[in-house]
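Both complexes shown next keep chain A, but they swap its partner, so chain B is in the first and chain C is in the second.
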Partner chain A sequence: MRNPRTGWLLLSPTLIILIIFGFMPFLYVLFVGFNEWNIFAAEDGLRFNGLDNFRRLVFDDDFLHSVGLTIRFAVFAIASEVVLGFLLAQMLTRKFPGKSLFRVIHTFPLMVAPIAVGAIWRLLVIPGFGPVPFFLDRWFDIKYQIGSFPDQALWTSVIMDVWHWTPFVTLTMLAGLSAIPREPVEQAKVDGANRLQVFWYVTLPFLRPILLTTVFIRIMDAIRTVDEVWMLAGGGPGTRFTGIYIWRVVFPRTDYGYGSSISLITLYLTVVLCWLLFIAISGRRKGEVE
Partner chain B sequence: MKKLFTIVLLIAFALLANMSLVTADMHGWWADAAAPYAGTTIRGVSESTPPSNYVADVLAAQFTELTGINVEFETTSWDQMYSKAINDMEANTGIYDFVYIEQDIIYSYLAQDYLVNLTQFAADNPDLAYEGYDESAFTSFADYFKNADGDLFGVPMEAFVKVYLYRKDLFEDAEIMAAFEEEYGYALAPAESFDQYADNAAFFTAYGESMDMDLWGTTVQGSTGHPASTYEFLESIGPSFGLYNWGINLDAGSAQSANGGALDGDTAVEALSFWLSMLPFAPPEATSSTWDEVASSFAAGRAAQGWVYGENAAWIATDESRSAVTGNVGVRLPVTAEGVIDAAMMGDGYIGYYDGGAFGVPHSSRNKEATLLWLQFIGQESVQAEWAAAGARITHTATFDDPLIAEQDTKVDGYYTLLEEQGPLFAGAPPFPFHAQVREVIDPFIQRAILGELSPAEALSQAAMAVDEELDRLGYGM
Partner chain C sequence: MRQRAGRLLPTYGFWVFMTLLTLIPIWWMFVVSMRSRVELFSRPNLAISRIYLENYSNVLTDSTFQRYMTNSVVVSTCNAALVMALALLATYALSRYKLVGRDNIFFWLITNRMAPPAAFLLPLFIMFTRSFRIGDWTLFDTQIGLILLYCVFNLPFAIWLLKGVVDGIPIELDDAAMIDGAGLGGVLRHVVIPLAAPGLAVTGILSWVFAWNEYLFAANLTSVEARTITTGLAEFVTVTGTNWGELAAMSMITLIPSAIIVIVAQRYIVMGLTFGAVKE
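Our next item is the complex of A and B:
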């Protein structure tokens, strides 16, 4: 019979690290979020101010705008990544010349650090120097200036994110597709199902868990996006996402109390979004048991 | 004759011998003073600028060779520099032994008691006080880094003004001059009024378009994703119209005109309106440009005139590997509204920003003694001239008279002379202990004005209200 103490003993290093680096900082942020604290205030130190920080953010137009932008960014980026990732994964399940080379090249963006991705894209799209605005202007007479048009900055961020993270979705989808047993697919074909019906009634239900996991990971990543977009556009209009807004409040503005409260609300929003998505994709309702 | 020759030769030998003794003495002093700290590594952080890069590439190596003390110097982005330094000093982690103190943040650092009093520290450690280092040799820019008792908290490492640069090859081209005169009815010249500036900008933009050249009429430091745009408006354009201290009345604790401030006043609106009206005449990268990109745009020959930080003047005018306009750079005082220069001369105002910074030692440093040696090394007179030639920065009064700088001055159209003679017309940032906090509040409104989402009056009115709210929150309000 196994000794339960051995299990706890083996788990303890992970638990200790999680408590020190995960749980305790969270508690600290929770504490600071209910205080007013700016190190450059006339009166230094923390002052408990109850729910004032949370009340303030409800009326903070910049914060609300950043939430709206972040949701737009996340929805468009993740939807595009899932569709593209699935199509690429489907393609990679088949044989075609140069498949191995394509798979390697396709995975390259994943290996690049987010800050470098931002730098690469900035060099591509910076007006006056980058090739993208140059050719868009020359060939299509399109004025492409991410500093002047917030929508262009937002869409550029979405495209950059899709370029960076679609390979991740492809790889997870590929793993999911490879794990689907052949029998149900063949059975559906024998029963006369067309390709769309096979996808909808057989492939998609099998892929659901992996799809859910992938989308969860991408939602969490997208909501806390900072470095890539920071490098690309500095968090200006069109790209002042919640993560960048938090950075500005906490660091240059040194408003630690308010910044902590925004961080907590953002965490809450992420959990709620993931939960809603879980309900939507898994189709579970309250009280249902698997 | 032979006797005379022998005497001259002997004198020359004696002088040479004396000089090498002095040099050996000097080297010996550094080695002796640094002996207890040899092998120590001191760490610093600064913004990546021409003067900082010279420190990292040249001075750090010289100091290590002389003392055996290693210098790890991190040159990073402006935002990161502040975050790293403030986090380190606030948390007392002691990662950095010296930090860059921009002139505008010194008041915040002093209010928080982050920095070591260098004058006092040197007095307390006479063995470490180098006789070739003299605090009184610095220009008056060093006063920004002193407390009320005159003690120094940072060794000035760069100081420059934001000047008006123009392309001489364009302004002195006979055909262009004739075309301008025909269109505007007066002679083309570097701008001395805002109307003239606007005419120049419009003319050269149209000229660039007609000639299918990548040429525009002016620079604008108008990044919509960086505080650089707020800085250009508040510290360069605003003062040139007579808007001082960001329009914030510190005594009244307000930026609103109704309460004694001026950020939403007529002068501020006029200044912002003028600046925004220059955007159509600026290169397309203007709304993504910080101070670095503005310098790069001008160096690439993409603007006929503009407001450019002086630290870039030297390389733009002389470095052929980086600049397409070498030998063609003209330097003048920035354009000002009527009465602004007179007010500046009377000490009642200023015409633009006297920028720069110093290296200070945080209380959290674990190697204060070794760092004091390092700061004296970079603060001594003998290293100043080459540093000034490389980075267009001058912090020592004697540097102005150095032959190297005199030679460089002719290549940079008298920039160094302008710095020496007209420098007092400029001023550093106002003494706010809440500099970054309030500037962060103003940023979004300036950026929305650049995008055309708010009119100048709306942007400044909302910014002034937001500033007052922030001042209240920080405890500096009415």
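Our next item is the complex of A and C:
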């Protein structure tokens, strides 16, 4: 009655679009990554150069620096988001009048376009009329200028990311917290556990799958952050993340071959990272069963 | 149980503080959008001194802005419609038919969304400017190019979201409809679509937002005709001098759909962002 051929027919438009716009570009990057190709070079066209691009990459300080920055950005941002998001979710499990209003407002940044998030924060920190540099200077005597101090630019990106994405963690944690059955918590309290022990031995194990899923999704998103940081600092020092670096190599410099090999390495690192996290998630679960 | 006001006070204090943290950046942008150039460069002041709408009227009457806005609306809407249609068919196929390698296809779908978009800029740029060419016509700088391209990140998410919905519709209902003489189209129209309607709506809304918010592809794969509103925002910032008031006004306008969606679809946002892994 159900002919698989009909199934494939229904699936085919999706597969065709994803193969053309998702898989073919991947194959193309894979191919160009092993060639030298710069459209402004004296020799036109592609020239196979084996692993030269990858050798160049290992010694490319700009690239290594961009990877380092991306990792620092992701670690600081995600750690703050998880801690803050968990606290906020905990606060939202209580009942109080007006809770849903606070929740809606808190969720708002999540749906704002990244480029608009960048614009919002740029207006805050812009030298000349932004309130952040003005008040930091006046109250704390701190010179704040993200164009000149790479560290400040990085920290501003982290804070911006926390502003944008903490609601996501809050909402997933809230979903996790409300799914926890009441009995084990009550039982632990009866047995004389304090709040910290209840959290550590009862709440956290229940939350673990959702927590790891959340971190997993946040890592994927954080390492490809481009839009908002680009809008905030225009690729200035301290914010040259890997995504922005790839763009610089491919478009202004038209170094297609090298750009492709960086893309490949970035893809590879992302996949490996996701795979390790996947193992962490499923491995822990297996451990629990045994 | 009645809670005492003393217990509620710290809770409210905390939430008012958090709300301020969320809203002050947006409020400042609103303030900037209500100021003229001269007023801006005086001492930062978080209060609005007078109603000044020139930034908004300048932006709204600008033909470039109107074109960008139209493009964004057309691209997001067509993309959301296309994604809903294709995802429904694909999900139905994955849910009801025994296809070889079904699970692998499913996993491959999600990898399309995991990839860092910057990595694919180059091949897409070349595909758009050279490979797809009919005479002088290329995909570069066209709405249809963006509509198709956005399927790469919206389709996987839509299929993951809808899979649970379609799996939840009892297959007996399909069979009953077929026995009554309905074809595949009839089953979809009279059984699956009505029952999956809420899920489909959520998919459509979230796909729309993701397409509306996209910047990197739109910025590099269009030049004049098909530019979207997000690229317009980025273009505003120039070396020679930026009109910050108009930038703020334009950003405020792009926030409107986000605000509506947060209020309307708030419960489903998490589900959408976690591929349905986390439900509320």
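To be clear about the criterion, the second predicted complex is superposed on the first by the 254 of 290 C-alpha atoms of A that agree within 3 Å, B and C clash if a C-alpha of one lies under 4 Å from a C-alpha of the other, contacts with A are read in each partner's own complex, and residues count from 1 in each chain.
One rule holds in what follows: a contact is a pair of C-beta atoms (placed from the backbone, for glycine too) under 8 Å apart; a residue touches a chain by one contact, two chains touch by 3 or more.
The structure displayed is predicted, hence computed values, not measured ones.
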Contacts of A:253 with chain B and chain C, given as first, second, both or neither: first
Partner chain(s) touched by A:121 [first = chain B, second = chain C, both, neither]: second
Contacts of A:129 with chain B and chain C, given as first, second, both or neither: both
Touching partner for A:150 - first (chain B), second (chain C), both, neither: first
Chain B versus chain C as contact partner of A:17, first or second or both or neither: second
Chain B versus chain C as contact partner of A:234, first or second or both or neither: both
Partner chain in contact with A:38 - chain B first, chain C second, else both or neither: first
Which partner, chain B or chain C, touches more chain A residues: C
Which of chain B and chain C A:106 touches, first, second, both or neither: second
Intersection of the chain A residues that touch chain B with those that touch chain C: 126, 128-129, 234, 251
Touch list for chain B against partner chain A, complex: 79, 82-83, 86-87, 90, 108, 111-112, 214, 222-227, 283-289, 297, 302, 433-434, 436-437, 439-441, 444, 447-448, 450-451, 453, 473-476
Chain C residues touching chain A - in the complex, by the definition given at the top: 3, 8, 11-12, 14-15, 18-19, 21-23, 25-26, 28-29, 32, 40-44, 46, 86-87, 89-90, 92-94, 96-100, 105, 109, 111-112, 114-127, 148-149, 151-152, 155-156, 159, 178, 184, 209, 212-213, 215-216, 220, 230, 233-234, 237, 244, 247-248, 251, 254-255, 258-259, 261-263, 266, 269-270, 273-274, 277-280
Chain A - residues contacting chain B, complex: 36, 38-44, 62, 126-129, 133, 143, 145-148, 150, 153, 233-237, 239, 248, 251-255
Residue ranges of chain A touching chain C (in the complex, touch as defined): 1-4, 6-11, 13-15, 17-18, 20-22, 24-26, 28-29, 32, 88, 91, 94, 96, 98, 102-116, 119-124, 126, 128-131, 134-135, 163, 168, 171-172, 174-176, 178, 210, 213-214, 217, 220, 223-224, 226-227, 230-231, 234, 242-244, 246-247, 250-251, 256, 259-260, 263-264, 266-267, 270-271, 274
